[in-house]
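Shared between the two complexes below is chain A, which pairs with chain B and chain C, respectively.
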Partner chain A sequence: MVATYVKRAYSSFAAHVFDVPPRLLALLLFILLLFCPLVKPGQSIQLILRDTFFFAMLAVSWDLLVGRTGQISLGHALFFGIGAYGTALLYQYLALPPWITIPIAILIGISVAPLIGLPCLRVKGPYLALVTMALPLILSAVIKYGPITHITGGEMGIGPLPPLIPTELFQRIGFSYRESLPLVELANYYLALVLLFVFSVVLYKIANSKTGMIFVSILDDELASKACGINVTRYKLMAFTISGLFATMTGAFYAHLVTIVNPWFLSLMHISFPTIIRTFLGGIGTIYGPLVGTHIYFILDRYVLEKMVQLPFLTYTQWTYTRLLIFAAIVIVLIIKWPRGIARFVTDKLQDLEEARDLDERGKWIWKTYKKKKME
Partner chain B sequence: MIEGIIINGAILGGIYALLAVGFTLIYGVSGVVNLAHGAFFMLGAFMFSAFGPLGVIPALILAPIFVGAIGSIVYRLTIHPILGDDVAIMVVTVSLALIFQQLILLRFGFSAHVAPLVEGWTIIGGVRVSYMKLLACALSLGLFFSLWIFITKSKIGKAMRAVSQDREAAMLMGVNTERLYMLTMAASAAFATLAGVFIASSLLAGQASAYMWLQPLFTSFAIVVLGGLGSIKGTLIGAFIIAYAEHLVANLAPQGGQIVAAVPIVIMVLIILIRPKGLFGKRIEME
Partner chain C sequence: MHLLEVENLTKRFGGLTAVNEVSFHVDEGELVGIMGPNGAGKTTLFNLISGFLRPTSGTVKFKGENITGLAPHKIVNKGIARTFQIVRPFRHLPVIANVMVSLKSPRGARKIEWLKTDERKALDLLEDVGLSELMLEPAENVGHGDLKRLEMARALATEPDLLMLDEPFGGLNPLETDFLTKSILRMHLDESSRGIVIVEHKLYALMKIVERVIVLHQGEKIAEGKPEEIAKNKKVIEVYMGKEM
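Showing the complex of A and B:
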């Protein structure tokens, strides 16, 4: 009885994953990430990948709003910052543990997103981009405003926040303090990976559901969608809220990971613009594109270029400047010459291979029947 | 204090008009929302400082020409191929701004000294005003009005207005839109350059910073949105409104100096949400 269910589940999984080359590749990459810290524990790549997972979630949530619905938001840092500041202020004034403050911060995100979305979505195109870009700047100006810095923490921020996985957890089961530090890092890594996995699957499912199709129809032709009886405003607001909700979650979790919240969480230069660059690197409007783009960006930038490449004529600071320059230039070239992005290029190639294989098999079959007929 | 607000606000308004007119020009003619406009402002101040050893007058002439040429080339290479795609244009122009910022950081470092064009100060109505501020305001308004006359009277100005009304019809009448767009971009970048030089030398104590592109970008947005996109008269009035609003907040609010930066942004958001066509915009494209 159980065996048949397992068998059926396995065959369904195999049909959905093993027989679709892009999904097989995604599975292999996921397994690679799963075993990465075990091969070389405590390496800097582990910390880089952990950050990568959080910014990949942010990029995916941005992609659902902009790539799927076509509502240009240049200020996704707003939701990231709301999540981070929400959980930090709740901890500061009510001293609640993270597993209570994070859900409340997410609730704040859910309630704030429609409030911001409702007036913003009346305007379109460049106007929407400008308003969304302005909001995180206004919020960070309010946070830095002199007379209320004792509440908001100002430039210095709020901290230290309690970590998501405290060292006491491991000390309680018999590890010493020194032994538990790498274990905490490892646990954080897997927590981030699991969060990323759940986020991406949920957002991918939403993007490919009926609702997701309606989002794309709004992107393609808003008037036609309206004519088909779709309540465009409602679906735009829905996309805005879903996207904001996931960005808020990411911000809340990331705040407890770095254990300090400051106006950096709202900065366009460090949160919003790099997220856009990463999404375009992978391919906008695909959900898996930003995932791939963020991984390529972080591994190239923080691991390969920062740790491995050293140019004699540039100091370390200058090299930091040059790295952002390189990525900005790459994105411009990609948008002009190759707007589909890297991830979609790979999946297109894989699909071509699959089609070629199908044709090949069909060709063999035709050849066989032809030979059979000839024999007869 | 009232005299201070009136006089300083008027000076700032004149320079802001010069800053925003380039932005409204390129939007009105080609429909490009140029997020790199603030980067041209920043680049201009640095280029003026780099050309400084040649003397004040040559630097003041060379810097706008140089930045205008950069703007025109960059427009042709990166923005022209994707004309019409709003998302792509915004991402490309933001990336351009980041590239300019990083290049400046690499070449000149975090900040540069922008020498004032003239020294000395005078007293007008009980307020100490430096000659530099007066010169900046006078030059800005002079350039602004000459641009206005250029657009209304000259043949190229007429072509610009024709393209902004109907691109295809203008092309049929023999207007080379590509060259016209490049020219508009060059003019827009050159005006931003001069605004950068004036603001850095007269208001920011002679210091140009590599990160000072986002703030002027929002100031020009706010002005342009307030006056109505594509309206030059609206730009002039919007510039003075924003300048006076900044000075009022800086002087009247408690610790107002810290939130001056947010004033144009808040005004812009309110205008977009309440009256998106601005004060003088005749039509608004909601699509």
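Showing the complex of A and C:
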């Protein structure tokens, strides 16, 4: 009885995951990440990966808006910042715990996204990109505005915020404070991983639903979707809101992990542009692409380029911006060489192999029947 | 009451008058052709009716309701579907999904046939135009003639009361033209209340199927009548062939 159910579940799983190369690839990545801290419980790799997960979420949500709907937004940092500042201000003035402030911050994100989208989505293409790029700049200028810095925290930011998983949780079970610190880090790591998994599955589902199909139709030909009777503005707003919602969530959770919120959350150089680079690295419009792209970005960034700080001719600040330049150059080369991104390149190759194998088998079969006929 | 009533429709682009005081009507179940040489304003007229352009003056009435200047998607949901002269497929989507986009519009999603899923409906529509074999092929890999038929399937998916075809035979070989002619005629016979408007260059293909022809020249309507009458009309011959020396 149970065995049949298990069998059926397995066969359905195999059909839905094993036979689809991108999903298999993503699954392998998640399994690898699941066991990563157990293999090497070092602190630094764990922290880097945790950050990677959050920026992967941001990149995936950007990909739904830009890769699927074609509405180019350079201001994704806005939603990231709204999430972070929303939860931080709520904590500071109402002293609410993070499990209440985060949902409220998300609600703020949902209500702000259409308000911003409605005027912004009237313009198209490069103009939309410019308008959206201005938005986080405006918000960070407001936050840094002299007379209200005592409310918004100004350049110094707001903090410390309460962590999502406090050390008391482990101390209550019986661990000492010293013992519970790495446990908290481990718990944070898995929380981030679970969030990433849920985010990417939900966004992948949305992108491949019938609504996602309409998003792609808007990307391909807006006029033709209008001629199909689709209310284009509504669907654009929907994509904008979904994307903003997920970015807000990411920002709100991330703020509680780093326990401080400052204008860095709204910066183009650190949030918006790297997100775009990561998405292109993995393959835009695929949802699983940015996931892979962000990991590649962080490996390159933290393990290759970070080592170059020791070079004598650059100061650290100069180096942070040079790094971005190097990545931009990499992306330009990539767009010329593999315009569909690294992840897309791999899955395409897998698909080609599969087709080649099919052809091979068919060829063998034809050859066999041919020989049989000859024998007769 | 006419199905579509166009009254004194005018569109000016700066100094150029693309459509000048054009009036005509289409009845239920009628197959009307609009013809004219290049630059006569046929496509502009189409764009004005389907809401892609706002007329400078004049009105468009559909089933007695004024629809002048409505948004294109609203007009589609009122029951006017159109195709484009230059094919506009959704290149990243498979052929069947192209049709399903139309089925997700409010009018296309009306549940008239309860037992049919969107996929089934889309497949039926593709079968009608003879594209069912290509249903999973991305539209970017499909040839031009098939895309023309895909355009038609997409327009039909919204179950329009008035179908406007903008040069459906453009770029087709004689065989494909013949096939399309037949499917238009079959569609015309199946749905007795549906009006069809065809804009076309290829007079030979057009004259065979339509019941009434409207001739445009430099934005103005110069003649209207049965195909046989139009073929003998002096003004029309002059426009197409030039004046007798």
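Things to note:
Assume the second predicted complex is superposed on the first by the 337 of 376 C-alpha atoms of A that agree within 3 Å, B and C clash if a C-alpha of one lies under 4 Å from a C-alpha of the other, contacts with A are read in each partner's own complex, and residues count from 1 in each chain.
Here, a residue touches a chain if its C-beta (ideal position, glycine included) is under 8 Å from a C-beta of that chain, and two chains touch if they have at least 3 such contacts.
Just so it is clear, the structure is predicted and the values come from calculations on it, not from any experiment.
Upon superposition of the two complexes on chain A, no clash is found between chain B and chain C, which fit side by side.
Contact with chain C, but none with chain B, is seen for A:K210 once the two complexes are overlaid on the shared chain.
Applying the stated contact rule after C-alpha superposition, one finds that A:G229 touches chain C and leaves chain B untouched. In the overlay built on the shared chain, the residue A:D220 is in contact with chain C alone; chain B does not reach it. After overlaying the two complexes on the shared chain, residue contacts for A:L78 are found with neither chain B nor chain C.
In the superposition on chain A, A:I138 makes contact with chain B only, while chain C stays out of contact range. In the superposed model, A:F280 makes contact with chain B only, not with chain C. Look at A:L193: by the touch rule set out above, it reaches neither chain B nor chain C. Of the two partner chains placed by superposition, only chain B is touched by A:L325; chain C is not. Superposing the two structures on chain A brings chain B to within 11 Å of chain C, judged by their nearest Cα atoms.
Chain A meets chain B in the complex at residues 66, 70, 72, 74, 119-120, 122-127, 129-131, 134-135, 137-138, 141-142, 144-147, 268-269, 273, 276-277, 280, 284, 318, 321-322, 324-325, 328-329, 331-332, 335-336, 339. Of all residues in chain C, those touching chain A in their complex are 50, 52, 71-73, 76-77, 81-84, 88-93, 97-98, 100-102, 104-108, 118, 154-155, 157-158. Chain B meets chain A in the complex at residues 33, 78, 81-82, 86-88, 90-92, 94-96, 98-99, 102-103, 105-106, 211, 214, 218, 221, 225, 254-255, 258-259, 261-262, 265-266, 268-269, 272-273, 276, 285-287. Considering their complex, residues 210, 213-214, 216-217, 219-221, 223-232, 285 of chain A touch chain C.
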